[in-house]
Amino acid sequence: MLRYIARRLLQIVPTLLGISIISFSLLYIFPGDPAEFIVEARYAVEPTQEMVKKIRMEMGLDRPMLVQYLDWLSKAVRGDFGKSWTEDKPVMDLILERLPASAQLFFTTFAISIAFAMLLGIISAIYKDRAVDHFCRIFSLLGISIPSFWLGLILIWIFSVQLRLLPAFGYGGIEHLILPVLTWSFSFMAIKTRFVRSCLLEALSQDYVITARAKGLPERIVVLRHALRNALIPIITYFSLSISHLIVGSIMVEVVFSWPGLGSLLVESVFKRDFPVVQALVFISGVLFVIVNLVVDILYAVIDPRIRYGD
Amino acid sequence: MLKIENLKVYFKTDLGIVKAVDGVDLEVHKGERFTLIGESGSGKSVLAISILRLLPKNAEISGKIVFNGKNLLELSEEEMRRIRGRKIAWIPQSQSSLNPVLTVGFQSAEPMIEHLGFDKKSAFAKVLRIFDFLGIGRNRAKDYPHQFSGGMRQRVLVAMGISTSPELIIADEPTKGLDASKRAQVVGLFRRIEDRTMLIITHDLNFAEKLADRIAVMYCGKIVEVSPAKEFFNEPLHPYSKGLLDSLPSRGLKPIRGFQPSMMNPPSGCRFRERCEFASERCRREPPLFNLNGRSVRCWLHD
Amino acid sequence: MIEGVGLRKIFKSGIFSGKTIIAVDGVNIKIEEEETVALVGESGSGKSTLGRILLMLIRPDEGRVIFDGIDLTKLRGRELRKIRMKMQLIPQHPDEALDPRWRIYDSIAEPLRIHKLCNRSEEEDKVLELIRAVGLKEEHLSRYPYELSGGELQRAVIARALTLNPKFIVCDEPTSMLDLSTQASIVRLLMDLQRKLGMSYLFITHDLELARVVADRILIMKDGRLVG
Amino acid sequence: MEFAFASEVFRSRIFKNNLCTIGFGIILFIAMLGLLAPVIADDPYKTNLAERLKPPSLEHPFGTDQLGRDLFSRVVHGARTSLFVAMTISLISMAIGCLIGAVSGYFGGIIDDIIGRIIDVFLAIPELVFNIALVGIFCVAYGVSTWNVILAVVITNWVSYARITRGIVLSLKEKEFVLCAKAIGARDSYILLRHVIPNAIGPIIVLATLNMGNVIMTIASLGFLGLGIQPPTPEWGQILNSGKNYITTAPWITFFPGLFIALSVLGFNLLGEGLRDVLEKRTLEY
């Protein structure tokens, strides 16, 4: 088991390095001198020779690329992404300010969507090709196809403009949470319902299900104990991986409802040309995905006997 | 004990109706090991699984399956469920028939917990005794299926099948996918539980020869011969039975000419006639099952 | 005619896991002209790997494969592809052995086309001759693999293997996926063809009885070594 | 996975499949609207401040926007933009992704290890985050243009093709017919071209269809954020973006372009699902 964990840890190193290289190089795909852009972004004036020189010295842009990268990486690992170009604050502070709002929106949506996705997915699989199943499938197809920003605006029009029941934007009480969560859940749930359905159907088509039926077990036990328990393994992985959406999964929803989360921060930073923030968000969201993936894999080894002993 | 009358199982598919079982009559007596032999596509596995009524949804089934005086096809799903695993046990093929995420001990205990009202502890205790008896080893009850070899998995499946002392055991291709040495072990395994009534489905003639009391041969959805095992291997009656035996490497490796007909539109009359060296004009009509002192055969040669 | 000397092959899985399997462990094997050698062993004994090494479909880690006096392990690219015309493989799963998108005719004619051996009409004559030799009908030629039964498919696979008049064929459990009566007809066909065309076979099987009927000589393989 | 290949059976199954037919119908409808846009609709650029924010009427079936432009015309011309850009992106990323995936899967070894790692890295960074970052930076670096959007989306999008192609090729490589082709003396390039790629095309077509839906959604999302195709060129997401400020007074500006995004994404999803059903269906199952 320890060997397995050590091996998985080793395997993610190249991926993490790759993510860091990509995030780092985002600032260096400019054709010109990044220092000029920094001056523009920070002071909103035409850069003079002196200013550029000063910035270059200040930020160490005159050093070799590799040195700059290693410097950036060693700081990034400690959560130091440098100073914002537009505000007089460290990048990490800006991100931490926005994290609670994103977390609130994400975990509410996550909990609701998973509960419904499991329920609908299971019902849909058990009653395959019956009316309930068709309903669930159409529902999830719509969930995938309808853009969340459009759905959000429609909901605002119905509940805020016409019925005047709920606020259209803002952050604070429960009433502010309802529409964004509803909007995001619709698409979040749709994809997961499909996944639960297909995993359970796959499990139900296996030979061991026939064995279970041939033992005279009630259908309830056949489905829950024999099929679902096998289907849960991929389902849990899939659900857990979506935790990496925490950071920026809700960009569109946050923008529609002016929700002060990390998604909004990303978009605002792009417009303000505050690229260290953009860089940090790309890096963090990538790393988060890899780490969640790793944790899930290790949990897997705990749940699934095949991996536990197969090593 | 088990009597099947005019059983038909048809499957509706995109390309037409597949007549997997097409009018089968047979009887399994108490205490015997009845072996159903056939090549792939003969419908033997479909026949077996239709006894338990576990066919997929696109199957249409008609006829009678009488078990202890009751027609299984007329029972409600709930009544049928109480027969499965309790009165009729199913020993499936070993490759993927065990649930990968449950311990083999628990899977073997399940039928007792479900049907005999055992609690988990006493069921497990009994499982350990059966494991001992079948040579699985007590300490392996808490292991998972993937930790077992193919032959050992077959033993677990047998343990699962006999745990409730069922009246009839149906074993589906017990030697499929096993190497020669493992097959010999399976023969030993089935001899250990010999006091029970068994319906064994197999394509493995060597295996059948070592185990069977009576043999039925299935070809293209129909039973063509039923004979006591010894007589069958000494002197098969049906030309197909003969051809099948002759194609064994140890008996000369003589092929049957032609190819197996399609299950969607089998030839009229005797289904073997296009490949049969004795075929004549009367084979265009379907032969009935002729009785010849304790044996039956579906061939005009024995009219 | 074909000879393997000191053959050894180790499979490593993954960079980090460090698992190694010794599939073939110091094997010497020699097959004479027009001889059938049966290679018998249980699954996982390395018999398939050995067959593929002799055809140079897998490169051995150690040892040499000598065919008609030429050391095949020293050949590269073009030269090896030329030699391959003389040796063939009949694999285990007839339903996977032909490209599912190709008609049977094209699959049988493919070897001729790859080596640009003849024009269209010669090609057609050759294919017709071949399918008659393996007992298929002309109507089978325009079909796709999934429209044929296992036995018919295996005949098509044999026809294709014969296209280039090989001197040596590795039959890798050619009947293990087939029914008993089909097995008999395929094995008989292989034996007849050998008598007519004078080829050598390495006949891989796990069935000792079958090996006794087919082979001039039987080799038993266990854990990567020849034991008998 | 088994595939039915006889083209006749195949074709009839595609049209027997309801999902395919409906999906294809929707796509055809939107594509026709886009193609015929210059004929059936007015100039999408013509502003008329006297006709600002008018609700749907006979003259303007979808109403007018804040500059008095005819919304029907803008939405219909938007179909051209979306489909054209999405198609360009899909084709480029399919070409790049399939080639990389096929090479990686077929040759294996170190090439595969490296490409596999690169694919992992790209899969780890959430697509939309990466797209937004890239478009933002491209705009600053190279100025605003539609090519920014295309380039940014291709950079993230090729990965899914590479991953799927690699998987298919890996499994095909193990198939005996590839081994047999090798045994008759075929070159690697021949095997890749004649056996491996043709057999991989089915699943890749399914992926490409489903992917078109994704790409249309991404383009619209970028448009909605104000980072996509820039006005005055009509594009659905960008029309929505301008509409959100008038949601209280002129909801139709929001409604119609969103409906078209949803419809076209739905169309490609339905067609993709249907094609997958048809392709993966066994020839005979019981």
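By letter and in written order, the chains are A, B, C and D; residue numbering begins at 1 in each of them.
What we mean here is this: a contact is a pair of C-beta atoms (placed from the backbone, for glycine too) under 8 Å apart; a residue touches a chain by one contact, two chains touch by 3 or more.
All figures in this text were calculated on a predicted structure; none of them were measured in a lab.
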Give me the two chains with the most inter-chain contact pairs. A-D
Of all other chains, the one whose Cα centre sits farthest from subunit D: B
Indicate the whole-number Å distance between the mean C-alpha point of subunit C and the mean C-alpha point of subunit D. 45
Return the distance between the CA-based centres of subunit A and subunit D, expressed in whole Å. 22
Interchain centroid distance [CA atoms averaged], subunit A/subunit C, Å: 51
Residue numbers in subunit C touching 2 or more other chains? none
Do you know which subunit D residues sit against two or more other chains? 283
Which stretch or stretches of subunit D touch subunit A in the complex? 117-118, 120-121, 123-126, 128-130, 132-137, 140-142, 213, 217, 220-221, 224-227, 237, 240, 243-244, 247-248, 251, 254-255, 258-259, 261-263, 265-266, 269-270, 273
Provide the residue numbers of subunit A that touch subunit B in the complex, in ascending order. 206-208, 210-218, 221, 225-226, 229-230, 233, 304-306, 309-310
So, in the complex, the side of subunit D touching subunit C is made of residues 2-6, 113, 175-177, 179-187, 190, 195, 198-199, 283
For subunit B, which residues count as touching subunit A in their complex? 49, 52, 54, 81-86, 89-90, 92-93, 95-102, 110-111, 114-115, 144, 146-147, 157, 160
Per the touch rule above, subunit B residues touching subunit C in the complex are 39-40, 179-181, 203, 205, 243-244, 246-250, 253-257, 259-260
